[in-house]
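These notes open a run of structures that come right after.
What follows is a pair of complexes built around chain A, which joins chain B in one and chain C in the other.
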Partner chain A sequence: MGDNAQTTFLDEVAALPACDKINQCIQCGVCSGSCTTAMHWEYPPRKVIAMVRSGLKDELLKSNSIWFCVSCYLCTTRCPLDIKPASIVHGLESIALKEGYKPPTTTTTMYRTFSESIVNNGRIYEFGFMFKYYLQTNPLAALKMLPTALKLLVHRRLPLTPKRVKGKADLRIIIDKLSAGVGK
Partner chain B sequence: MRYYAYYPGCSMEATGLPVEKSIKAIAKPLDLEFIELEDWTCCGSSPFAGVDKSKAIGITARTLAQAEKTGLDLVTPCSSCYTILQEANDLLKEDHKLAERVREALSAIGLSYNGTVKVRHIVEVLFNDVGPAGLAAKVVRPLTGLKAACYAGCQQVRPSYGFDDSEYPDWLDQMAQSLGAEPVNFPLKARCCGSSLVISESDVALDLIHRLLQNAQDNGAQCIVSTTCPLCFTALDVYQPVVNGMFKKKFNLPVLAITQMIAIALGLDIKASALDGNVVSPQKLLKPFLTSKPQADKAETPA
Partner chain C sequence: MEPKIGVYICHCGSNIAGTVDVEKVAEYAKSLPSVVVARDYKFMCSDPGQDLIKKDIKELGVNRVVVASCSPQMHEPTFRRAVQDGGLNPYYFEMANIREHCSWVTESRKEATDKAKALVSAAVRRVFYHQPLENKEVPVHPDTLIVGGGIAGIQAALEIANSGHKVYLVEREPSIGGHMMQLDKTFPTLDCSACILTPKMSMVGAHPQIELLAYCEVDNVSGYVGNFRVKIRKKARYVDTTKCNGCGTCVTKCPVKVDSEFDEKLSKRKAIYTPFAQAVPNVTTIDRAHCTYFLKGKCRACEKFCERNAINFEQEDEIIDVEVGNIILTTGYKIFDPSVIKEYGYGRYDNVLTSLEFERMVNSAGPTTGHIQLKNGQEPQSIAIIHCVGSRDEKYHEYCSRVCCMYAMKFSHLLIEHVHGARVYEFYIDIRSFGKGYEEFYNRVQKEGTVFFRGRPGEVTDVAQTPEEKGKLIVQFEDTLVGKQRRQPVDMVVLCSGIEPQADAADVAHKFNISCGKENFFTEKHPKLDPVATMTDGIFIAGCCQGPRDIPDTVAQASAAAARVLALINKGKVEIEADTAFIDEAKCSGCRICNLMCPYNAISYIEKDKVSRINEALCKGCGTCVAACPSNAITHKHFTNDEINAEIEGILV
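And then the complex of A and B:
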């Protein structure tokens, strides 16, 4: 990777919503020390930020890091410089998905099926989304979930048909409009 | 009567149904009216933001625009929706380029948003607009001696939007106490349950849920009083048997949403608290309270 490519990755990230302060990070490590799931990340949050700034795009986006973020926002409330590491992490996820990276996790598929469910139904249709997710990843794992699904059914907490909302047509239009043109 | 625009969020129509029922039931006795937004759509949650943040904010903006038309505060019981709505609301004010693109997208569906909506969490409404004293005044079935670990979870208090303490919140504790219960020390009360990974990385999420349950039990809790967030509530309740299987534990900690607890303490009909929707049954633990006679002086006169 040349100098050019390096600048591009940082710029690409800094241009995402709520990611513009990435350059001011002082690498204090409060985010990594606070992170709920840091023990599972190949590179914890502070390193993720350092890697973006060093242009190590492939190494970072091929790793399992970022996909373990549970959006607990401990990093974000504790960061002394208001860098918003959680926003950066979710921004990186969108770059990885858009550019077809294949990190070692099925969370990518979960995100995709979840988002499709929103677009197709206007609201999340939990049963349909989970069904699709398992079908696309590991149908056998669905068996392990069966007792839980049954409990939800018995307690009438898992409707088997999606709600029909008219607003879903609106969502399509909004998404189309925001697909065209500037920004990523 | 106080009026609010109400946004339940998708999970309230499924896994969060017991919480939703209890919210509907306690509103009137507390002089609150939650008017559900018509034909609302998903808030554009974090998985969607991980796919495309700008589009996610566009989706969120539809809800904000709908709410603005009502002129009321926008209230949600889902902590995840709360964070997403708040963040979008801020970003649409700060990021002018993004705001411009969203404005165009909204105009294509005949809506506009001027940034005037105040987004609120229902727990914050209960705490600030009704208040522990307001609740206490209406209690006819005090939950005396019930030891409760009060769980706020993460997104209710983080990133902080002026809501309670972001590290060791106590608004739920104060409300539980006003209902007669005895909040126990619960160091992990604002730690994450990992719910967003419970499907795709279930071991990671179950490990976090296990820690929360263990911490509550070690501190002497007989039950967990949870925020209204359908995701937090489901993680602790529905996945408790799964945690037991995985970690060879015997947790039997009923999880009551604060609104279910309020319904019981107000002496409402048993259906109001929707306890039959809870996977970890609270019936045995609550039996003494459910069968006790409501304190006559404050009891509502039957219709």
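And then the complex of A and C:
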């Protein structure tokens, strides 16, 4: 029947939400042609789909591709087969994290600190989240951001204390329900 | 006459016998009421198989025949003929499908045999009630109507007219010729389109057997195969075609300028005009919507200067009645409008053209006398040709438009020929060069220097990112064979717009009582085995109205449709199958429910008798009216209540 590892990865990805049409891709390249960040991807979106189909899981998830998707959705609007490359890419991100691949970018740390801030406060607390983010990635880079931070402060765009929502416990219940079944 | 039933169980090689115990079924059949003989045989449809039936009719006095074999769709006509050859009425035959409905849908020998027995029992009980029906014959009128005067209509008209039979060729534009007239050179031979088309157009104009009805439309169609009545509207040209000699003086004097449809709005025509120089018929037409006299009551310059007094502002549309035996629809296509694809910039940027616009530009009789030029009058040095615009795309049309790869290559060849030093880039997903000489043409075009990039462009933009890109249109795409997103600056972009059915295709289909598919192309009777016939007998289709196709295939289809029509004309009559419905007028209450239910418009209400009556020639035996009649007044021949009940009993026994 062919290499088992190949079909498994494709099946795995096709089973993700909104990714069921991955098999229909004709490799036309409109997704890569439209992608706003394509010049940074090691393998542009079209190639990512081709690699999933060929079962090249390791190579793909070790690369820096997929982590550059900014969800502009130009690929999804333009795909002639109604495939959603953005959803496939985000799906691949969760597979990568679940299986312990270390992404060669700080994007995941950004995602995590951002969502933790929201879960803890019910609202994004920019100062706190940015502080944590830089602490975990590159503290010196924070110094470069200082002039911008000061400007924001002066214009009252950088609150120093978090604004919390009232129903934080309710929010917690929702988040817990959603996270159940999804790997950390 | 006492029914004596002969039952024949077919093995169909191992198709049936491999699963069904055919000998057991034959034995069982012998025990059924009124069965005088039951046999099993390897291939009933073969000559020896059929001979078995004929022999039994002759020697054993069999007068009802049941064959248990494949689907009636396969061999009902075969066995009906065999029964008829044996001397019986062909409707004294019934078929039990023990293959598609039995041996082919289970692997269990027991279940298949049991079901086969039940089906045979049903057929035996049913055939007991069969009546000796007669197929009706209707005569076929020898004239033909062809709707649409493009290359398909022209070809079909000439084929039929050359056989000596009369053709009415109806075309709604002022001249015949269609889209082919707009093309420059045609692939792969690079024949000049007008040069190969105009001789045929002249032949049509001069042919004694063709009544050319240009600037006319079909208003109404009624009737059935062999006997259609058509109302044709001759639209008013406001020009007396018997007097006009096409001298063109009126055109030079007309003060009004209008966008020329023929030139895809790249040039202007006058309010009184001929669409192009080689128009057939060579007469002018006044475009009422733009003529100063019709709009404001002034001018009449054309009338003043016409030496033949051919202008007649009082002219009115004229309706004529025509009787024909067959109709061929060759209504053609229109091109996809790429304005909806915002990211390609058609309509926003100068110098983004559709394929038809480019054809007119490169044509030496076109708006620029064959000079390829940008909006500012300069020659483009670099041109991008984007394939699959509006095609192969779930957002617009899922299908492939078939001709675009080839005409794109043709454009490239012409560009390199017309513009010294031009660089042409083709952006494709796949290359479809399927026809005779097509792949060779692809190789030739590559040799001539066209560059092919595999990658459907994401967008066309004028926002320059580098100094080289300033003032250019930039095609952003992934060069998939290299694997990188790139930007290609060019001067001009040509979009390979796909082929679509005409805007009113659905209405035309309705008018002629044929179907349209999902995309509004006319539906053929069978996509492989019957591409030019429709489900409506006597109405045929050819060319792009059925689906996107190139000129060779269009001409082939037109000739095919003509051949079908000539076959019917030659036979002179058409057999209508006998399993139609009829109304017992004593029982009919005149409620007219059946009139509305009939999908074939076969039932009409007879005012003076206050009953409904079915036109047997139009009736297809669908049974809808039979079920709908509240008075139980309608009988379906060959599907009477007795016959159906007997069949059900046979299965349940």
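By our rule, the second predicted complex is superposed on the first by the 176 of 184 C-alpha atoms of A that agree within 3 Å, B and C clash if a C-alpha of one lies under 4 Å from a C-alpha of the other, contacts with A are read in each partner's own complex, and residues count from 1 in each chain.
Here is the rule we go by: contacts are C-beta pairs under 8 Å (C-beta built on N, C-alpha and C of every residue); 3 or more make two chains touch, one makes a residue touch a chain.
Quantities reported herein were computed from a predicted structural model and do not represent experimental measurements.
Participant: Have a look at chain B and chain C on chain A after the superposition and call it: clash or fit.
Facilitator: Superposition check on chain A shows chain B and chain C fit without a clash.
Participant: Tell me the contact category for A:F68 with respect to chain B and chain C: first, second, both or neither.
Facilitator: After superposing on A, A:F68 lies in contact with chain B but is clear of chain C.
Participant: With both complexes overlaid on chain A, does A:G100 touch chain B (first), chain C (second), both or neither?
Facilitator: Touch status of A:G100: no partner.
Participant: Is chain A touched at more residues by chain B or by chain C?
Facilitator: The larger set of chain A residues in touch belongs to B.
Participant: With the C-alpha centre of chain A at the apex, what angle separates the C-alpha centres of chain B and chain C, reported to the nearest 10°?
Facilitator: Nearest-10 rounding gives 80 degrees.
Participant: Once chain A of both complexes is superposed, is A:Q27 in touch with chain B (first), chain C (second), both, or neither?
Facilitator: So A:Q27 only meets chain C here.
Participant: In the overlaid three-chain picture, which partner chain does A:A38 touch, first (chain B) or second (chain C), both, or neither?
Facilitator: second
Participant: For the combined overlay, can you note the least CA distance between chain B and chain C, rounded to whole Å?
Facilitator: Between chain B and chain C, the minimum C-alpha distance equals 5 Å.
Participant: Just which bits of chain A does chain B share with chain C as contact spots?
Facilitator: Overlap of chain B and chain C footprints on chain A: residues 74.
Participant: Applying the document's contact rule, which stretches of chain A touch chain C when the two form their complex?
Facilitator: Against chain C, chain A makes touches at 26-35, 38-39, 43-44, 46-47, 74, 78, 80-82.
Participant: Please give the residue numbers of chain B that touch chain A in the complex, ascending.
Facilitator: 10-11, 13-18, 39-42, 44-55, 57-59, 61-62, 80, 83, 87, 91, 95, 97-98, 101-102, 104-106, 108-109, 154-155, 158-160, 166, 191-192, 194-197, 199-201, 204-205, 208, 234, 238-239, 241-242, 276-279
Participant: Which bits of chain C are touching chain A when the two form their complex?
Facilitator: Residue positions touching the partner: 343, 388, 392-395, 429-430, 454-459, 476-480, 483-485.
Participant: If we count contacts the way the header does, which residues on chain A are in touch with chain B in the complex?
Facilitator: Touch residues, chain A against chain B: 16-18, 36-37, 40, 67-68, 70-74, 76-77, 84, 86-87, 90-91, 93-94, 97-98, 105-107, 109-112, 114-115, 118, 122-127, 130, 133, 137, 147-148, 151-152, 155-159, 163, 165-168, 170-171, 173-175, 177-179, 181-184.
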